[in-house]
Every structure is written in C-alpha cells, then in structure tokens.
Amino acid sequence: MALLEIENLVVEFQTAAGPFRAVNGVSMKVHEREVLAIVGESGSGKSVSMLAAMGLLPWTAKVTADKLTFNGRDLLGMSANERRKIIGKDIAMIFQEPIASLNPCFTVGFQIEEVLRIHMGLDKAGRRKRAIELFEAVGIPDPAERLGHFPHQMSGGQCQRVMIAIAIACNPKLLIADEPTTALDVTIQKQILDLLMKLQAEHKMGLIMITHNMGVVAETADRVVVQYKGRKMEEADVLTLFENPKSNYTRALLAALPDNATGDRLPTISELFVDEGAAQ
Amino acid sequence: MSQAAATSAVSTDPSRRARLAEFWYYFSENRGAVIGLVFFLLLVLLAVFAPWIAPHDPVAQYRDAVLVPPVWQEGGRAGYLLGTDAVGRDMLSRLIYGTRFSLFVGVIVTTLSLVGGIALGVIAGYFRGWVDTVIMRVMDIILAFPSLLLALVLVAVLGPGLVNAMIAIALVFQPHFVRLTRAAVMSEKTRDYVVAAKVAGAGHGRLMFKTILPNCMAPLIVQATLSFSSAILDAAALGFLGMGAQPPTPEWGTMLAEAREFISSHWWVVTLPGIAILITVLAINLMGDGLRDALDPKLKRS
Amino acid sequence: MSVILEARNLVRDYHIPGGLIKKAKTVHALKGVSFSVEQGKTLAIVGESGCGKSTLGRILTLIDPATSGELLIEGKKIDIAKGDMTPEMRRKVQIVFQNPYGSLNPRQKIGDILMEPLVINTDTPADERRDRAMTMLKKVGLTDLHFNRYPHMFSGGQRQRIAIARALMLNPKLLVLDEPVSALDLSVQAQVLNLLADLQDELKLTYVFISHDLSVVRYIADDVMVMYFGEAVEYGSRDEVFADPKHSYTRTLFAATPRADVESIKARLAKKKQAA
C-alpha cells in the first residue's frame, strides 16, 4: 500500500486578480522506503502541493482532491486536531532556510525536546537522553553541549542537521524535504544529502525530496515527478528519466543543464519546449 | 502565486494615469481612509472659502446676542446656527475660520519638522560615525523632555503667538522624523541597488537624496500625516494654555480656553471647538492609515 | 592579447572594534591573491560562502579599497584609498549582482536606471541618452515597451537582463559578475548565460565570474581560480583545473558537486542494491 496517495489535487488561491490555480490536477504516490523527488522551477507548484497535503496552506487557498490519503487515512476529511497528531509525528518536514526555520529565542535543545514532549510524552530525563541520541544520529559533534546553543550560534549546515534531528525525532514514516540544501554550500549540501539518505535507509522512511536541482535528483531519488506550472509533466524512475525522458519539458530541462552543454550556447527551454498549456 | 501576479503586472499600462489608478485601488480598499479623505477635503474647502461660507465676521461681537444657544435648542436664532459665545461672536463662523489656522499649523509644522528631520536623519544614517552620534544624542535630549512642556518652555522663551508655537512644535516633533529616516536609510544603504549606483559613479549627495531617500518615504509619509494631526492637537493645547494663538484669533484651542468657565452652563461654547478638533484629527489619522496601505510597496499583495 | 585586469597580492583585512567584553580583532578576508585576465576572456572565481570571493569582487569593482596589494586596470595602477578614482576609471569596471530583486532601485523606471550612469559620468544630451538606453534594452533582449516600467513588474530573469544592461551603459572593459545566475531558474539561467556569451563576443568584454556552481563555471570560464578561506588554492586554465585539480580542497569541491549523468546514477543505484 502506498504511504501517501494523491489523486487529482487542485489548489486555488484567491488573489486580487481573481482565482489562481497553483496546482492543477496532480496525482502521485509515495511508497514506504522510497525516495520520490519532485522537480520543477519556481511557480511549478511543487512546494504548494506538499503543503496542501499537509494542510499547511493559508486560508486563501482552496484545496480539492479526489483522493488524499496517508497510510490509508483520509487527510482532507480529517479534523484539524486529528491532522495535527499525524503531522510532525508520522509526517515530518524540513525546509529550505535552516536558520529561519528555528526559533531564534530558544535553544535548539529546547526546540527538539518540545517536539518530544508533545508527540512522544517522554519525561524530562528521557527527553534529554533522546535529544542527545538524535543529535548524535545527525552527526552534530558534542551533542550534550550543543543542546544549549541558540540557532544563531550555529552554521547553516548545523542548523539543517538540527532541523533533521527534530524531523526524525518521532520516527516519522514520511519525511518531506523542501529544497533542504538550496541555501547551503556544495560541500555541506553533500553532507546533508548523505545524511538524509543514510537516515532514510536506517529508519525505513519514505522521503519526498522537493528540489529544482537536477543534480540533487540524480544523487538521491528512486522515482521522479516533474512539475511545470502546476501540472505533472512526467513521472518515471530516475534512470529512465535521465536516460530516456518522455516529456518535452523534461528533455528541455536536461538540455539546459550546463553539464550537458555541447555547443558554445545552451539550448533554452523556450526553444525546445512549447508550452501547450499556456493557451488555456 | 507571485509568478502569476508578476505576469499580470507586466501587462499593466505604465502611464501615470494607471499608477494613479493603482494608488486609488489600494487606497479605496480602506473605507475609513476614504471617509477621512472626504472629511479632509471638506475641511480644506472650508478653509479656502471661509470668507464666502462663514455667515458672519469671526471677530464681530453682537452685543444683542450673547451666549445664544444653537438653532435647534430653545432660544436659538436662525441667524446664529451654532449659537454665539460669551461676547456674542458667531460660533459657526469662528469654527470655519478656525479650520484655516488648524490646517495652517499642520502644514507648516509638518513641513518644518519633515524637512529638518529628513535632512538630519539622512546625514546621520548615511555617514554614521561621530556625525551620527552627535545628531542622535541631541535628538535623544529633545525626546527626554515631555513634549508639551518643552513646547511651552520654547514658547515662553520666544514669546506667545501662533508662529512661535508652530516653531516650538516643529522642533519637538523633529526627533521622530530623524529617527525614522535614519533607520530607513541605514537599512536601505546596504542594498545592492545603492552599491550599483555607487559603482555607476554617484556621489554622496545623489546617493543620499536621489537613490536612497525615495525608498524611505513610505514610513515618513505616514509619520507626517500623524504629526499633522498631533500638531493640530498641540497647537490647540498651547492655545488653551494661553501660549498659542492670542484672542481674539478664532483658533480652536484658544476658543476652548476662553470658554472654560461656561463648561457646565453653556455646553456649545466648549463642546463645538472640541468636536471640530476631534473630527479633524480623526479624519487625518484615518487618511494616514490608507496612505500607508497604498504607498508602501511591501504591503501590496503582489 | 592585452591584459585588462591584474591583481598582485591583494589583501583585505576587516577590523572589528572591540566592545566592553569582546576584544578587538582583525579578520583576514583576503590573504594575498594574485591573478590576471586578458581581454575577451572569462576568469571564474569559485568558492563557498565566506571564502572571500565577494570581498574580492568588491575590490575589483573599486567599491572597497584593498588593505594592501596592487590592482592594475589596463596596466594602470589604481588605489581608491588614495583617491585616484576618476570617471574614466569608474567606467572601465562594472558589476552585476546576484539578487536581481535587490539590485534595481524600486522607485526608478527602467529607463532612468539605464540612463543614470550616463547622467552621472557623461554630458550626453538627453535624447542621445534615451537612444542609447533603448538600444541597450534591445541588446539584452527586452523591448522599448519596457522603458517606462518599474522593476517590480519584471520577472527575475528580466531583471537580471536589466542589471546587465545598466552595467554595460558606460561601455566598460571589465564586468564583475557576482553569482549572476544562482538566484535564477534553470531555464532562465541558460538564457542569461547565453546572453552573457553573446555580449562577450560582440563587445569583446572581459568577465570576472564569481560563482559557487561548478557546472556553470565549467561551461563559461576560460580560467578558474578556486578560493578557500581568503586564499587562492588553485589557479589555472579551465581544462587544467577540471582535469587535474592539484589542491585537496578543489578535489573535495568536485566530489561534492552532484552529478546528473546517467553513469553516476547507475553507479549509485547499483551501490544501493548491494547495500539492501
């Protein structure tokens, strides 16, 4: 059975210029122990579709779907209270800006123990022990001392490790990583990606990797969903996607990578891909 | 979402008219602001056309009509719509002429403190270092006095009168503008477009006043409207204390002061100037809110 | 080929004054960097955050002075700390910033943004200024319809085109590009890189291209300099550096860059299967 199942998801925002459809009929499935990458450029609705699935969008958004289930339970029909019990425990999320994702007023130790208190109901000593374990698991040196640090005392890479520690604190079944390495340096990105892959294998999690970076996709994903302007252009396993892309958009996207440059000019998306949906 | 907004914005006509229309669109979304604006325009019209609108001379004393109540009350006369005061001057005419003084005070005080505050604030925020320290400590000293008390002292030194009261109030308001401008300049100064202008060869003056300052205007305009109303209030307060406009000038605060002793017996002499002040200040404050919504690009939802 | 830009042992220290508790300290942002760029070539400066590449960019653009060392532009020594900054010198080096949303004055129309360098540095008459701005606008792929619009009406890629146009208004010899495509989408990135290549061919421009993205660098650069904590740890032609990196940091950097080719995916999947 699929862990997360989305069928025909539509997200509309009410704006001054009338309703705007950010996600337009996207379907996907994430299986247990699978790494699914969602690729797209800005405005492709890749983050919005995941936020919609987690019920984290502002009230101006209207979310409809034929099916939106997690572990067989309907997420759309569920009350906000019930959903909160799942999110943060069984589904966890990490974001692009690690430093901004942590509350600057509290120590990282307080923030991770807060999650443990709410979702796991551990006592004080148990929380601290588990927090140290988690920091060790994500490769933070000197975990006992680091618990007392504030976010601004740590580097971006360290903060992202803390975010990951918080995310895996409750042994989630599904981890959604929204551009987890975009704000980080290449060498740090490598470390974080390696860490995520290691944890995913160890904890047997499903992992959704939202990214715009084809390199990150190639290095992590089992299966890939390509989105463009709120629509799904292609879904394939990672090797097929890079070896033999079916959609014109994917082909254009891959051709625009400077790695694949053949001549002295790059082919651009507009030359290779005529947006057949733009006329609607 | 931002993408869609951006594409729709690209298709808009960039002419001045369209920008005005956009301004009005955001301004008119705030209903209170529109009401404020209407009231304010009415006040301006009243002030400009006071000699034609007012039924009587504001300082003419009608000995036969002392303390006549407003027309809808028992004993009211049709000739004096809002009644007369203790020496038989027509309240309505005095209030209409009073608009002139209040708006005059607001305009002059705001302009003075705005211009001075912007100049000092831009210099402090742009150059930093000891210039900044000197300017800001002086401003801190001004802020350390209770504002009305400082204005009173200044008027006492300069001598009572409307012009001196305005100078005093402008000086008291100055630090707020200096602080706001300095903070805005400091945050804008490090932005890339300022560096780009520097690379293009712009000198200090151009960077300060042409590149940076226009981007700091939104909070200043809001502060300016707010101090417009506070200036009217403070001028009225000084007038009430006998340090502002001198009788028989039909200034609202001075009118209140003259009417103090009738507060329990003849309500209209006291209440009506009070209401005039209240409505004016409220209208301007509402308008300031709407201006902020419409002028600050950061608050626009695009 | 003439050398446009030469740096000899550039050093930049930042002095952080001490407070009541903290001691004053000096941060060495640049520790003696030397290189030269020939006309029409592109030097890429690669490094991660905090390596001093942006500090170097600001020194090259004559925004900040170097603490010590020499900077020569077209063989002429220049030291802005001494104040030998003339409009002619100013015109020779221009910069394009990373963030296209912050680098254009939101209160200026595109036309005014483009004409500003001319107003400041030259006494070109108004209608000629206008013509030149229009021409430049078309050169970077926009139309004269865009002349009277404000920056917020443009997408990120379009803004970066405008920033490039502004930098070119004074016909500079050298363009410092500080991560010009890292804030842009892949498709837009390709367009802007193509535009930069076109402009380089047409105007014989010299580029100093600051970036952290090795795949972009490999595509655009002639020479590559890798920086690490204020030092140039590797400097050579692109092919030399990419084929045979000498310094261990360069090798780490290459190893960390994600690969998007079929072979590496196959290798990774095979490894994963083995582990399972």
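Just so it is clear, A, B and C label the chains in written order, and each chain counts residues from 1 on its own.
In this text, a residue touches a chain if its C-beta (ideal position, glycine included) is under 8 Å from a C-beta of that chain, and two chains touch if they have at least 3 such contacts.
Because the structure is a prediction, the values reported are computed rather than measured.
When chain pairs are compared by their number of contacting C-beta pairs, A-C comes first.
Among the other chains, B has the CA centre that is most remote from the centre of chain C. One inter-chain figure worth recording: chain A and chain C are separated by 31 Å, centre to centre, where each centre is the mean of the chain's CA atoms. Rounded to whole angstrom, the centroid-to-centroid distance between chain A and chain B, based on C-alpha atoms, equals 51 Å. With centres set at the average Cα position, the gap from chain B to chain C is 47 Å. Shared contact sites, meaning residues of chain B that touch two or more other chains, fall at 3, 302. Among all residues of chain A, those that touch two or more other chains are 42. Among all residues of chain C, none touch two or more other chains. Listing the residues of chain C that touch chain B in their complex gives 61-63, 87, 90-91, 93-95, 97, 99, 102-107, 109, 116-117, 120-121, 148-150, 152-155, 163, 166, 169-170.
Within the complex, the chain C residues that touch chain A are 48-49, 185-191, 193-194, 197-198, 212-216, 218-220, 252-253, 255-262, 264-266, 268-269, 275. Chain A makes touch with chain C in their complex at residues 41-42, 185-190, 193, 201, 212-219, 238-239, 242-243, 252-254, 256-261, 264-270. Of all residues in chain B, those touching chain C in their complex are 3, 6-7, 9-10, 12, 14-15, 191-193, 195-203, 206, 211, 214-215, 297, 302.
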